[in-house]
Structure formats: structure tokens, C-alpha cells
Amino acid sequence: MRTVGVVDTTFSRVNMGQIAIEALRALEPKLGIERTTVPGIKDLPVAVRRMFREKSSDLVMALGMPGKAEVDKVCAHEASQGLMQVGILEMRPILEVFVHMDEAKDDKELAWLARRRTEEHAENAYLMLFHPEKMVERAGQGLRQGFPDAGPIAEP
Amino acid sequence: MRTVGVVDTTFSRVNMGQIAIEALRALEPKLGIERTTVPGIKDLPVAVRRMFREKSSDLVMALGMPGKAEVDKVCAHEASQGLMQVGILEMRPILEVFVHMDEAKDDKELAWLARRRTEEHAENAYLMLFHPEKMVERAGQGLRQGFPDAGPIAEP
Amino acid sequence: MRTVGVVDTTFSRVNMGQIAIEALRALEPKLGIERTTVPGIKDLPVAVRRMFREKSSDLVMALGMPGKAEVDKVCAHEASQGLMQVGILEMRPILEVFVHMDEAKDDKELAWLARRRTEEHAENAYLMLFHPEKMVERAGQGLRQGFPDAGPIAEP
Amino acid sequence: MRTVGVVDTTFSRVNMGQIAIEALRALEPKLGIERTTVPGIKDLPVAVRRMFREKSSDLVMALGMPGKAEVDKVCAHEASQGLMQVGILEMRPILEVFVHMDEAKDDKELAWLARRRTEEHAENAYLMLFHPEKMVERAGQGLRQGFPDAGPIAEP
Amino acid sequence: MRTVGVVDTTFSRVNMGQIAIEALRALEPKLGIERTTVPGIKDLPVAVRRMFREKSSDLVMALGMPGKAEVDKVCAHEASQGLMQVGILEMRPILEVFVHMDEAKDDKELAWLARRRTEEHAENAYLMLFHPEKMVERAGQGLRQGFPDAGPIAEP
């Protein structure tokens, strides 16, 4: 059995961890799922590393919702760097699912975006673990998570 | 017994370490607490790592008050990256409690903010160590430390 | 036999992995080639490290197409830092082949640039593995991948 | 006997290493002191790490004078990150004593600032090694090195 | 015998590696010199680390010529961080000799600057390996590589 770790935050205004778990269960009911919640996105890297070490996760979804202020951008950058370091050290994939509060025009769209992006990354998690060959089929397709795909450029 | 490390600075204009210790004691009188003070926030990462190694801390609160100038922002960024590295290496949580001097409109609010944020992060520390399941219950609630919570977005 | 790893993304709007494989095969038909595809450029570092560890690649081409927005620039920066860390840890070369979406004036040029840059970096990969002395011959020649070479400055 | 390493640069316009040594000797005549000089601030991290490894320093003062240009700011940032990494790896404190050339209004003030900041950090080095409890007494006092202290905020 | 590694790029518009080798030979004819060339500055860190590991270099000169565009600045920053990481890991000095294309007013000055800076850093390499005590004598002298020295500030 494969296990996916789900780590989210109390800072987020949407329960992204719950959405991720439901999406993963719908894709593969037998999947092992572990969950933990931390205060903010800068706390994700340590929690993700522990998911790999203590819960034997094969892949971790790291979910968060950075704020709009300049300091929040820096914070998101630091969190991303930390997540990347953990992935490199553990040599296992981490899907960073960040929804920036200024990506959406209002609360309603923000909630929609958080759900949609999380669901589409849950599908990436599923494919990466169980059907990596389908990821290769999707190479260069201009895929996006949340907003519409950009699509591939047809070469002349 | 669990132990929390408290590291703060002489640069800060508020004795954040003392506030943290009082808040932690109020939450759990039997908690082990270790404290050290360094000159500035860039000195926190080394001191935090030593807290884990020499004082067997299970979690460390790293407290500081970055200044308003551009160079202070860079300094805070460097300190944050260092703290994240230490957390990743030690695989134990570090709660970064930074109060930026330009977050408050005057000294009075700055002192209030430093106290309130420290107290609310002390509660996070307590929950992470003793009741991690309560952190999961708070996922996606839009919690903030210091200023008022943003609150959750109700999904339609 | 030497092996080159090829890692690309579903985010890219051009199938850069396929272009790289064709270019490498044309340069050296007996070359071992391994391929994998990840969602976005921030997922490259982990996949590249696994290429070295699990597929014994001697060099990896990491292909991606960062977007135009400010957040995409930060994302590319984080991906680059991660790739560099992996190279340093593994002590084997990684050719980062990034085509920024704002480098080209339209989709047609973007597709051309992605192909040309990938092909020219495939040649670098070939030379670095099989003819490193030819790289020394090219030192200081102002070479570019994609757009025209800047050329050397003639010393007086 | 405790040993402090002193590392400075040929780039600096003030002999900060000499000032540090004199200040340390005045504070504790029996202190072991080791010194080395490198070209610029980006060369400090390697030299500092060697101070710890080859000279058994218990603490290192890393002294430098970043220039005014944008590229110098980036350079100082890189040097700071490197120093932090070394501190984390060695788990011993490094006091970064940087005097930015644009902090002072003229050469005279720059020389004064370089001396004063170095001397005040020498005192920090002394206290951290011999009287860490006095650092705790100074927590939250708004101390600065060089320019006047900001002072503590009195809580109401 | 001591060995200096020389690593440069095909991106540079001046053969900086050749200049470095000639300068080093003039300073110390018996010096061991190893050379390799990579595509761009982001490829330097891996090549430098291999110089230390595979060629037993005691010091490496890392030579490159970052472009004028914003993306080139980020690229130079990433390369610098990578070089610093390698230095820290290997605990041996790396002299980063970067000539930014926008430092010079025209091609002629750029070629002059690349030569002069490389030669002056070759002298630093020589002194650091054979006469470190002369580096200490030069502390605080306001030395520059390429353009004129800033000189020391006379203390009153």
C-alpha cells in the first residue's frame, strides 16, 4: 500500500487538508493517508519531513494559503525553499499546493480555487505514485491546477 | 516531561522571552523550559540548534523584533531561512515569533502586539506538543497570531 | 555506456522532453536515455536527484517553461536553487533548460525557442560527457542557447 | 582557555580585524585569539568554517564592509547566508559585524561606526562565551551596535 | 605542490580561464593548474566541487561574465550561492571572479576589466595559498579587483 501525507495550516481560510483527503480517497480508496496541521506555511517543511520519516509517506501534499502583503510573499518564498530542501533530502516528491490570497477576486472565488487546485494536485499525486507513464503522456500540455489550462503550442 | 526552548534577542525592544515563559507556564506548569538570549535575529538559528542538541528541547520558540529599514527586511529573511534549515535538520518544530517594528502604529501597539503574538504562539506550542489533534480541528480556520483572526471562508 | 536523464513538466506548453531525446539520439545513437515528467519546475529537483540515484544518469537535462507573472519568476528562482543543490550533492552536471514565456514575442517564437535552446543544450550535454576538451576550446566565445551567440570580444 | 576567531577583509576600508583583537584583549587578556584575512565578504564563510575546524575557535567574529551599489547588497546577502550556514553546521556562534558603506554620511563617520560596532560586538562575544546569563538580563533592551540603542518599550 | 583549479564558461565573451592560467603561471611557475569549461555560471558550482574532489585543487577560481538583463542578475545570485555552498562543504577557498557586462561602458573596457580583475584575483589566490600573512597585512586597505582601489580611511 502507498501512503500520502497531507499537511495543512490553521492560517488558511479553507480546510484544504480535508479537501485533499476526500479527493485522494475518491481516486484510490485503498490509499494510506496521514494528516497533520501546523500554524502557518513556514511550519510545513518540518512537518513534511516528519511525515516521510515517521509515517513512511511516499509523497506529501503541502497545502497553504499565503496572504497578500509583501511580508507574506517573502514568507511563501521561504516556505517553498524549505519544502524543496526537504524533498531533496528525502528524495521523495512534495506537491506544494499554495493558493495566494491575491489570486482570487473575492472570498467565493478563493474558496473555489483552493478546492479546485487541491483536487487537481491530488490527481497529480495519484498519477505520480501509480501511473508515472501517464505523466509523461501529459508532458508539454500546458496544464494548470485551478485556473484553466494554457494548453500546448502546436509546432508548425 | 516535554521541554520547550525559548530564544530571544537583546535587539528586541520588548522582553519577548519572558512573556513566552510566563505564557507557557500558565498553559502547563510542569513544562520544562530552557532559555537563552542572543544579540539579534541572525544569531537565533545557531542558538536554536543548540537548544535542541544541548537542552533536548522538543520545540523551540524563536522570538525577535526586526527593524523597519530595508536592510532589516533582508536580515529577517536570512534569519527565517536559517531557522527553517535548523528545523529541517533537527526535524523538530520551531515557532518563529517575529514582530516587525512597522506592523504597529506606535510603541504602545508594538508592545501589545509582541505580547499577544507571543502568547498565541505559546498556545500553538502547547497544542503541537500535547494535543496535535486539536491543531487538525483548527485547520483552515484563518487563525492569526496577534491581530484578529481572518476566519474561515464558508463554502457555498 | 553513458546515460542522460531527461526531466520535463506538464506545465510547459512544448514537449521539451521529446525534443531533448531526439536531439540526444541524433548526437549519439548509443546513448542511454531515461525520462520522467513532473507537474511543474519546482518538482524538478527531486525528480532529477532520483534520476541520478535510481537510473544512474551521468548528467540530467532539467527542462521547463516558467510563466510571465512575478510569482512565476520566484518559482523559477526556487527551482534553480533546488537544481543547484542537487547538482552539488550529487556532484554531477545538471543542464537547466528553462524557456521563460516572456522571452518570446508570440507562441510561434516560443515554440521555436524551446526547440532551439533544448537542442543546443543537448549538444552541451554531449560535449560535456564525451568531449570535455571541446568545451575548453569554446571558452570565452560568448555562446548562447536559443537566440544568436554574443560572440567573443577581440582583445586589442 | 576559550578562543575567538577574527576574520576580516582586504576590501574593507578600515582594519576591523585589528580593532576586534584590541577590544577582545581589553575585555579578557587571557583570551585565545586567531586571525585571518580574506579578499571580500563572500570569502568569509569558508574562512570562518576553517577557524572552527583548524583553530578550535569557540566563536568567530566575521567582519566586513559591504559597498553601496545594488550588487554589493546582493553580495552582503549571500555572505550572510553563507555565514549562517556555517554557524548551523558547526553549531557555534558567529557574530557578523558588517558596516554598510551607506550607513555613514562621510568617511569619518564610517571609520567611527566601524570601530564602535566592532567594539560592541566584541563585548557581545565576551558575554556570550563567559557570561551568557548577562545576555538574558539584556533581553528586550533594544540594544544596537554602533549607533545609539533604541531602548526598551515600557509596558503599561 | 599546490594546485589551483580554473573553471570558466563558454557564455563569457572573454577567455577568462586562459588569462587566469597565464597570471597564475607568472606568479608561481611550479603551481599545479587544472582547467575545465562549462556552459554558464550556474554550471560552475558542480564543476568546482569536482575540481576539489577529482583534481585535489587547494583553491579554485570560478570565472564568469553575467549578462545585463534582470534574469541574468538572478542567475548570478544563484551561481554565487552555489559556489558558497561548495566552499562551505569542501572547506577550501573559491575565488568568484565575475565581471558583470553592465560594469563596463563598452566592449573594450569589458575586455580590459575581465583581464585585470582575473589577474588581481590570481594574485589573491597566490597569496592565500603561499603567503596568508601578507593578506593580513592588507586587511582594511580598501582593495578592489579591476577598478582602482578605494583605499583605507585614515583614523583621526
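So that you can tell them apart, the chains are marked A, B, C, D and E in the order they are listed, and the count of residues begins at 1 in each.
Rule of thumb we're sticking to: contacts are C-beta pairs under 8 Å (C-beta built on N, C-alpha and C of every residue); 3 or more make two chains touch, one makes a residue touch a chain.
Fair warning: this is a prediction, and the values are worked out from it, not measured in the lab.
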Starting at subunit C, find the fewest moves between touching chains needed to arrive at subunit D.
-> 2
Chain labels contacting subunit D and also subunit E = none
So what angle, to the nearest 5 degrees, turns subunit B so that its CA atoms land on those of subunit D?
-> 70
Taking each chain's centre as the mean of its CA atoms, how far is subunit A from subunit D in angstrom?
-> 41
Between subunit C and subunit E, what is the gap in Å from one C-alpha centre to the other?
-> 25
What parts of subunit C, by residue number, touch at least two of the other chains?
-> 81, 85
Running round the ring (origin subunit C, first step to subunit E), the chains in order | C, E, D, B, A
Residue positions on subunit B within touch of subunit D in the complex are 8-18, 35-39, 42-43, 45-47, 49-50, 53, 71, 74-75, 78-79, 81-82, 85-86, 89, 107-108, 110-111, 115
Would you pull the subunit B residues touching subunit A in the complex into a rising list?
-> 73, 77, 80-81, 84-85, 87-88, 91-96, 100, 121, 124, 128, 132, 135-136, 138-145, 150-156
